[in-house]
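One structure coming up, written as structure tokens, with questions to follow.
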Amino acid sequence: MTGIGDNSEAGAGLVKSFVDRILRLKEEQDAIGDDVKDVYAEAKSQGLDKTALGKVVAKIRANQKNPDKYAETEALVELYMNAVEAEALTHARA
Amino acid sequence: MTGIGDNSEAGAGLVKSFVDRILRLKEEQDAIGDDVKDVYAEAKSQGLDKTALGKVVAKIRANQKNPDKYAETEALVELYMNAVEAEALTHARA
Amino acid sequence: MTGIGDNSEAGAGLVKSFVDRILRLKEEQDAIGDDVKDVYAEAKSQGLDKTALGKVVAKIRANQKNPDKYAETEALVELYMNAVEAEALTHARA
Amino acid sequence: MTGIGDNSEAGAGLVKSFVDRILRLKEEQDAIGDDVKDVYAEAKSQGLDKTALGKVVAKIRANQKNPDKYAETEALVELYMNAVEAEALTHARA
């Protein structure tokens, strides 16, 4: 059991120091999360669509992360969507 | 405080009955979740791409849920992506 | 690229069959998800707290999944919480 | 349709500026997310349990956010857990 070891006082300090560091980082993350919400609200106030904007941001991030994988997935999604739609049409006519 | 009321025995039975019902439903959900994983694994074994297949399923479900909203969002995503790419090109040439 | 192969007609049918199977399973999952929501709503109507009920369900599922890991984690959470609180008190008095 | 309006050039610039601002903020969030992972890895290297540490952080954040709601939920979770366990025992003996 990964307890806090024999010297529980030192152990308690150790736990608290890690908890405090994580809490501070999480607070920073929350603050940025609020900033992101503000930018989306501002975009909406200027007539842009938040859902579409979010999908564009996600696409650009995926492309930045792995351009080849992004391009391949986008091409396959289009290929599969056309396939499904074509099949649906064929069945509709049958 | 929404405790279990004065008659704690009846209250205990009440809590247990709701917990048991939710647990049973969650188990059914887990079982279907495993079935979904199996279908994706089978699709992969037949040469299809799981990520692309998942995105197609998500698009079709969004379209089934709200066709107008789906069509509008897809159009706006394309419009915004073209705008961002056009802007990037303009800056690249400047 | 894991496309749909040379025989695109067969490939299209393949994609559609997998998409249809996943869609059906997702619909079943959605239906059960609605049932879960109904049970929580019923529990709330009988005076129980949905958040607490959900945490109890999660604890029981974690225990069912891996009793040893569940027991160890619960014990460590208590140990660490006590450590953090003790440290906070020590600092408050210093 | 919340398109980009008549002056598409200005509109394109508008979309790009919002996308760029959100991308920058998301990158900051990612960087902090990596820092959080590093702290958990460091805690693990010093013998602490990441899962338990994460649950303690979550409890402290819930308490910071709404102390009354946190205290009530914790009390109800304990009450409901005892109820379920008591009921299970009663049935076991019956």
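First chain written, first letter: the chains are A, B, C and D, and each begins at residue 1.
Going forward, a contact is a pair of C-beta atoms (placed from the backbone, for glycine too) under 8 Å apart; a residue touches a chain by one contact, two chains touch by 3 or more.
All values reported here derive from a predicted model rather than from experimental measurement.
Looking at which of C-D and B-C shares more C-beta pairs in contact, the answer is the pair B-C.
For the pair chain A and chain C, the distance between C-alpha centroids works out to 18 Å. Here the CA centre of chain B is 13 Å from the CA centre of chain C.
Chain contacts: chain B has residues 2, 4, 15, 19, 48-49, 53, 56, 60, 72, 76, 79-80, 84 touching two or more partner chains.
Taken together, the touching pairs cover every possible pairing of the chains.
Partner chain C is touched in their complex by these residues of chain B: 2, 4-5, 14-15, 18-19, 21-23, 25-26, 28-29, 32-33, 35-36, 39-40, 42-43, 46-49, 53, 56-57, 60-61. Residues of chain B touching chain D in their complex: 1-4, 8, 11-13, 15-16, 19, 72, 75-76, 79-80, 83-84, 86-88. The touching residues of chain B, when paired with chain A in their complex, are 48-49, 51-53, 55-56, 59-60, 72-73, 76-77, 79-81, 84.
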